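Letters A, B and C name the chains as they come in the text, with residue numbers starting at 1 for each one.
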Amino acid sequence: MSKTTEQVRKSLARRYRAERRFRAYGIISIAIGLAALAILFTDIIGKGHSAFFEHYVKLDITFNEQTLDIENAGDPEQLNYGNYDGIVREALKARFPGVTERLQVRELSALMSIGAGYELRDLLRENPEWLGTTQTLWLLADDDVDLFLKAGEKGREDSRMSVEQKAWITELEAAGDTERRFNASFFSSGDSREPELAGIWSAVVGSFFTMLVTLCLSFPIGVAAAIYLEEFAPRNRFTDFIEVNINNLAAVPSIIFGLLGLAIFINLFGVPRSVPVLGGLVLTLMTLPTIIITSRASIKTVPPSIREAAMGLGASRMQVVLHHVLPLALPGMLTGAIIGMAQALGETAPLLLIGMVAFIVDIPTGPLDASTVLPVQIYLWADSPEQSFVAMTSAAIMVLLAFLIAMNTLAVVLRKRLERRW
Amino acid sequence: MQTGNLLLLLIVMVALAYYLGHQRSLALARPLGGIRHLHSLPFYYAMRAALWCALPALLILGGWLAFDDTIIRQTVMQGLPEALRPDSDGARGLLLSQIQNVASGALSPESVDPAIAAAAERLNNLRTTSAMALTVVVIAVGLVGAAWGWVKIAPQLRARQQVESILRVIFMLCATVAILTTVGILMSVLFESIRFFQKVSPAEFLFGLQWSPQTALRADQVASSGAFGAIPLFVGTLLISTIALLVAVPIGLMSAIYLAEYAPPKVRSVAKPMLEILAGVPTVVYGFFAALTVAPFIRGVGESIGLDVASESALAAGLVMGVMIIPFVSSLSDDVITAVPQVMRDGSLGLGATRSETIRKVVFPAALPGIMGGILLAASRAIGETMIVVMAAGLAANLTANPLDAVTTVTVQIVTLLTGDQEFDSAKTLAAFALGLMLFLTTLCLNILALHIVKKYREQYE
Amino acid sequence: MDTAEKLDKNASGRNHAEEPMIDLEEQPMQETRYPEHTVGTPFVDDPKMRLRDVDVFYGDNQAIHKVSLDIGKNEVVALIGPSGCGKSTFLRSLNRMNDTIDICRVTGELFLEDQDLYDPKMDVVELRARVGMVFQKPNPFPKSIYDNVAYGPRLHGLANKKYELDEIVETSLRKAGLWDEVKDRLHAPGTGLSGGQQQRLCIARTIAVSPEVVLMDEPCSALDPIATAKIEELIDELTESYTIAIVTHSMQQAARVSNRTAYFHLGRLIEVNDTETVFTKPEHELTEAYITGRFG
């Protein structure tokens, strides 16, 4: 046996131990990454799933003219100023006749959401004949009641409600007078101070308008820039400078774009604050580098033979690009645009600086209405002290992630479907 | 007329110009014996007319909208009587917002100085006049342009060349948006920073140890002096970024090595996109996760072993930020590692090296420059990351290196100083721009260095 | 190692057919053009490497068909043949470099002296230390010249002291004929050398481990004629202490450096003979066709 063989054999055990250790590090690293992903998603879903439901309480509501202070249910003026909370309180007092002390009555009426009053108003508007009658109705419970009903043993003990309140709810629950329903208002209403009334729709609409502006600006500009750089730009310092700028901008922190929006768009150009147009402008500048870079990569995949063929037939440079290169590169560009849009949809920081953190109750009707966007709504709710907003925030995150996953899936499908292999 | 309606009208005019241009070119071609006797296709004549209609009008519209508000405000302020002229920037801002409030009807004209009420009325008048003038000018320019484009149509006109060169210029302008953005960023942070440094000396800002930016609006108010020493912010940023990189670099790098060198193709095709999902999760989600799950968890663990952990510890923010950067590090490293030529691995394996020896002693050193570039980019990411720290790190500017304490960062302070209705000229808001300047310069250096290294590395193996 | 295990599984399902009988007189040449068995003298007494019925598969494609060949001690065997004939694939299976390709499968009997290369107990690291390899393209590591040569000895712990390592590096570089050219810049990067020097550095790197067999896969294909001449000279000197198998696409090179020449055609070993015989009076018509340049 040669000296080499001898030496190698001696070292083998140690070296294979090192090999196994090294492999284990790799596997552990991937496991940590995937575990973080799993924990993140489980945590969000675990916290958020309950927000898709809310609790209703069954009450016998008497539409008493005196309490409501309404004589004619056909008069919208009177309907608007009716004391609906009063009839709710009376219904609750009727349900729990033992409660008379003022403080306790206040605690009792706190069981119902202030949204219950609005619901009664709408019901009365639709059914004016109900005035003076008693109806059995399911009304929205307060968020604390909702949390209590959703919680387990331990959670119920920790609830911030008083002992009496807990007893009342337990009684209602035992009598089958509470019901869990799908929280439709979460998807249909705007922000609110009351968690049980708050919804994401205004933020979703705000996001939609912002994304619309971003897409309309960044896609054409990005594609045009990519075409110029790939097809027309001479190789000179100026072009190099543009490229350095693009690559650097792709890595500039997003909050810097917020500063740009504040100083240039708001203060210099006088664009109004908080509007989707402004958000769209800022996000356009932010996503442009991504779109330009992916579009250029897409143009590069078009083989030169196509260009030569078209040029051989006497097409001008511009005709070659517009008739042949662009259509062939478009699927890749679209994929890039969707990925850029997904990035913009999840972006929060620059929008905080340009005033899109406003408390928006109304649903925006156009890109010039003050609005907020989904991630900012998440940020606002995450900051709210009410316990219920934790679930709301998580639920909003689930919606946002669903949008993002849908967009990314679309990008992948699009790439698979439309991309040509040369 | 509202801008939106004006735009719609302009679009209609452009379409009309296109149609008429097309018709005219066909009409001119007919006596000559068909469109092949024209220099260009009718499409180009029509396009030329449309461009003539659209471009000048759009240029005027854009310029007008960008600057009319500033000019009008300037005019109104100039028109104020001498006695009311503001002497400081802060007072100027106050006065202006007062006038604007009166003008929009939020304040009643009776409740303010008559001169201000008059200014408000003038503001409203100027705005109406400006909107009307804009409508007239834009429509006129559009019509003149379209007419010019239409009249000039002739069989010898080199319409295709003209349209193509206009398009080319437009494309080039789109490409220069990147430069304009950089210039815009520089201008916005630079000018405000210069104004800030007129109030606070750069030395104090860069080397001061005390950060408490609460200043009063007017100099004669009590407690008017804030402290603007940014060292605690820099240290806080560095602390959280370091924690993030300590998490992300080893995990990201080892994941990349495993995926590139060991993993069977099936595992790779599943694990790689799964890891990349982490990069697609919005930062606000990580912020929520850090603030509501990780921070209490760390605090709980710390308490159970007798450590005093702040509820907004740097560790929580850093850990979550690290998780966010893992896919960033791993995909950049993956690119770099797979770029190392196979012959290099063969050479080592052929000498009897094990795989891990090959990776550690040949592949890794060869890929090191590229990996360093990736890590620099990751560092730039970590430094500029905002939402995680805004939600999970503190506001108090503690000068500490203890990861269990609460620290604040540059980005947190920028957001805090600039959210809500701030007066734009106070040292407090200007400080945010000075911080922005620091942030931009730091990340710019990191990015350019990193991109340069990666580019050089790529060229080496191409 | 996972690939090693995979290959070991393959190895256990190997074909243990009897050694093929060689009978030159009864070759049905006219019908198949392929000889049933390799013509000439594929076998020697007391071989360094004994290879029988070697099949190599890439997935479902069979790249090597039943190749049987001996490589004798201290001889230079040249493997020649038209491109794509599988000579490199065959060479790479001799120190299990094919392990790095997932879909590659090797069956047959491959022995280094009395050890089965594909035996589950055979360690691939040890094997490659004993059977070194020089590649087609010079592939120095991006390290200094010294570190390139010292890499193998360090890996295997062949030197305990610095001076021992220095000695190994110097001897290897001398043997590779590179010492005089680089002794003043041992710590300059190996990638800074010229192509020919790089390849000699790779040879020095290989022999620094003191392997018993050196496999060379077209070592001169990327080099200019002068560098090639130097490498050929070097191969000549190396025969004294090493057994060498060299793949080459240049018949002149095979003629210059080898003792025996093996001609491969479409994954089959057609003829093995003394180099002189192959180039002067080849026994098989395919060999003749190749060396006379009818295809290449």
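Assume a residue touches a chain if its C-beta (ideal position, glycine included) is under 8 Å from a C-beta of that chain, and two chains touch if they have at least 3 such contacts.
Chain-to-protein mapping (UniProt): B = Phosphate transport system permease protein.
Because the structure is a prediction, the values reported are computed rather than measured.
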Looking at A-B and A-C, which pair shares more C-beta contacts?
A-B
Most distant chain from chain B by Cα centroid
C
Could you please state the distance in Å, as a whole number, between where the Cα atoms of chain B are centred and where those of chain C are centred?
59
Based only on mean CA positions, could you tell me how far chain A sits from chain B in angstrom?
20
List the centre-to-centre spacing of chain A and chain C in whole Å, with centres computed as mean CA coordinates.
62
Going through chain A residue by residue, note those that touch at least 2 other chains and give them in order.
8, 15, 19
Touching two or more other chains in chain B are residues 262, 352, 354-355, 357
Residues of chain C that touch two or more other chains: which are they?
1, 125-126, 129-130, 155-156, 209
Please name which positions on chain A make contact with chain B in the complex.
8, 15-16, 18-19, 21-23, 25-30, 32-34, 36-37, 40, 43-44, 47, 220-222, 224-225, 227-229, 232-233, 241-242, 244-249, 251-260, 262-264, 267-270, 285, 288-289, 292, 316-318, 342, 345-349, 352-353, 357, 368, 375-376, 378-379, 382-383, 390, 393-394, 397, 400-401, 404, 408
Please output the residues of chain A touching chain C within their complex, sorted ascending.
2-5, 7-12, 15, 19
Interfacial residue positions of chain C with respect to chain B in the complex:
1-2, 95, 97, 100, 102, 125-130, 132-133, 135, 137, 139-143, 151-152, 155-156, 202, 205-206, 209
Mind pulling up the chain B residues that touch chain A in the complex?
4, 65-70, 160, 164, 167-168, 170-172, 174-179, 181-182, 184-185, 187-189, 191-192, 250-255, 257-259, 262, 271, 274-275, 277-278, 280-289, 291-293, 323, 326-327, 330, 352, 354-357, 359-360, 377, 380-381, 383-387, 390-391, 411, 414-415, 418-419, 424, 432-433, 436, 439-440, 443-444, 447-448, 450-451
For chain B, which residues are in contact with chain C within the complex?
262, 264-265, 341, 343-355, 357, 361-362, 365-366
